[in-house]
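Structures incoming, each one as structure tokens.
The same chain A turns up in both complexes below, where it pairs with chain B and then with chain C.
And then the complex of A and B:
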């Protein structure tokens, strides 16, 4: 399953004095099995782009294709898109509303008109996937849970639709370090199980660790598109855009400035460890001569 | 030791009578001109503590003293909030006016500052946070980091001695976070404003003088950032994580590389690697 954005432009409140173009002439194909990170400064158009992937927003001009079909053409069943592409908003726990966790997760499947037995099965499956297996939790009010747990309930609500593509807008924002890590491992696990993932993120360390592809947005257009390795080679360009590079990248740059032969292409912690150990051992060997 | 601006003395707090304690027997002092951080996971009680200091909540047990005034005495409330201002998490919930300049004026009107004094105070406050050029803009046109700096200006215009930041960078992007933290560091260094910085971002705590770690309503560690983060394993049970360079240093030490203790920043790591590898 693949989604293609063709020359997509989105203008909010066109024709009014508040008219603003959030994305302009964006061309992007999200391929099956990718873990695509969407990066960019606030206001760069990432969230607007994300909301086109499941048809929540329609382009002002251009087309969005799901497996080659224009999802906004007349007669196309948009529910199909919503089913196949799950969108998790920023702070999705703000949208929980049901009396119990189980009812909240069941909301989507119910709207699909599925039989009760299948709904129950999907709810259990989705709660298992987000690590909330405990029967007690299913019957609790979502508002009794911790922030991290509430967010997982919200994601379970999307997973219960059994989407093939999962679009998440800053899923780790506002979580403490351990809850962040748990959330990222959860998303990584879903990707490993075959989901195509599109994740809006501000954390370059997370992008370096998990993404197979990174798309950098600036002023509503795609400024860079490549593997994390390719993107992070352009530290200066990223900084000009108000973005960061992973901290180990910064370390590598600093070491090279100091004249140490630190290899380029270090962007994950384990790579930095290897490179620094090699540098140290080499230094020791030379010292012994 | 300099006189404490904020003194929390054996404070406990429960939201409901006979309910569980959200803050349990907490004591801490923040000296005049210092920059303290409170670190803790979501739900550790750090925001409750902030609201106790600001007099939004009153202790169930113990006393909170701000600039020598007990928060329990009703007559102190407004003076405490003026002298120890507070900046909250969500930038969109704090700005009330339609123009930046008027938003900064809002607090001044509340405390009865004469109209003719206002423009000078407002301009100074906006200058201090680097937002003067946006003085006549509508707040909703600003980025999150800019909005937070306007919120800080609103507090600054009241000429406080201390400012309490309750996760004020949690909803910002990396650049917004950097800009806000830089502005606050400058206020602390150049104007001697006492800062209590509540956060769960480890790398922000690195720039503080003193760090207090909260866990399940209690303070479980006190120390300089170097003391707190030197032992990566020790902070893990509190659901915190060391800054990336401290973590990397710990892993390299485990592989036998004799890096010195207390590495927190990229520059410190680079210097140390150079020393060992030249």
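And then the complex of A and C:
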């Protein structure tokens, strides 16, 4: 299962004085099983791109292919795309509407026209996956929950459709540190269980920790595409785009500026730990001389 | 999606004489033009009004396409007005025999007359909202209504409510668009099905929309209070309105229009 964007351009409100081209000539293939992080400055077109992956927005020009089939061609059932590609919007808790959590999560599967028994099973499974196992939570009103819990319910609502590809637009935005960490672990867990994940993120630390591939957007085009190692090697280029590098990379840069022999390709905490230990041991050896 | 074709109440930014006119004058002149439209007693009298519309539109630099877009939501009413008047008005001179009905000359004239009246009303009103930012518009309205304070008419509160409402229309539309997309991503279908199915499909849109509207209203009230908002008493203005030469010229031209309309009406 893979999604390919071919020369995708999207212009909002074409022909009006407010027209603006949000993404231009984007070529991207999302491969099975990857954890793709979509990064870029505010307004660079990440959300617009994300909405093309499940066919919510149609490209002004270009094609979106799901397993080689153009999803916008005549006669193609859009529901097929919605089922295979789940999209979690930014602040998804704002879309909750049902009386109870269980009913809200059931909304997607119901729209797929599944039988009652399967819906109930999927709802339970989805709630388990997002860590809301409690029976009482399922019967509560979603509006009684905390912000973090509401977001979990919203994500469960998408998971209940059992998508093969999960696209999340800034899933950790506006959460407290603990909920953030739980949310990221949840997404990481889903990826480990075999889901293909596309995550829009502003946190380079998160990208460094979880992503297998990073795509950097700038002014509606793809500026960089590669593994996090490859991307974060270009700290200066990222800075020009108004972006950051993981804090571990910054530490490395500072150490090198101080003239210490710190390797260039560290961007995860474990790697930093090793490098620092090495430096420390070396320092001690020198001190002993 | 379907939510970005609403022009009525949408400002078209441009630099033109019409944009720069004093909002109070523009409102008063709109009322005057509406009076003129109702004074037009025959089709000839619509000629000066239409000419006036063309001139003002050209001056305002608003594209004709934007103006016509404002008529779109009203096309059903327009067609109904025309057809009903055409078939049901009495008259003496038969014009066309369709077999099931005879169209009379007087009926046709009246049908055209009523439709034109409606079209002109909408176009002129759109012109006002297209060339005046909503905030300026309510500002003008507040000033026009402020003499009514003597009879305890809450002019400031009304204007404040209106400007807040206007300010949040685009926000709510944007929000509605976002929620619609989010529910569509969960397989919701807003576009097909019969009337009942469609009404039901609105629930997943309307509930979150209301929730967010109330949240926004609460936040806004809090923010206003935090900045010591206490109503209109003793409030000074950021933009002080002052009539200028162009405003007087606009008044004179509109007065001339009314005279023309009345004269044309008397021509028969």
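Keep in mind that, in the parts below, the second predicted complex is superposed on the first by the 289 of 289 C-alpha atoms of A that agree within 3 Å, B and C clash if a C-alpha of one lies under 4 Å from a C-alpha of the other, contacts with A are read in each partner's own complex, and residues count from 1 in each chain.
Methods note: a contact is a pair of C-beta atoms (placed from the backbone, for glycine too) under 8 Å apart; a residue touches a chain by one contact, two chains touch by 3 or more.
All figures in this text were calculated on a predicted structure; none of them were measured in a lab.
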Between chain B (first) and chain C (second), which does A:146 come into contact with in this model arrangement: first, second, both, or neither?
-> first
(Q) Looking at A:31 after the superposition, I want to know if it touches chain B, chain C, both of them or none. Which is it: first, second, both, neither? (A) neither
Is A:7 contacted by the first partner chain B, the second partner chain C, both or neither? neither
| said: Contacts for A:94 in the overlay, against chain B (first) and chain C (second): which applies, first, second, both or neither? | reply: second
| task | Scan A:133 for contacts with chain B and chain C and give back first, second, both or neither. | result | neither
In the complex, chain C touches chain A at residues 4, 12-13, 63, 66, 178-179, 181-189, 203-204, 207-208, 211-212
Per the touch rule above, chain A residues touching chain B in the complex are 41-43, 146-148, 173-179, 181, 202-203, 205, 242-244, 247-248, 250-251, 254-255, 258, 260, 269, 272-273, 276-277, 279-280, 282-283
So, in the complex, the side of chain A touching chain C is made of residues 13, 16-17, 51, 54, 56, 79, 82-83, 86-87, 89, 92, 94-97, 107-108, 111-112, 143, 157-158, 161
So, in the complex, the side of chain B touching chain A is made of residues 40-43, 143-145, 170-176, 200, 202, 239-241, 244-245, 247-248, 251-252, 255, 257, 266-267, 269-270, 273-274, 276-278
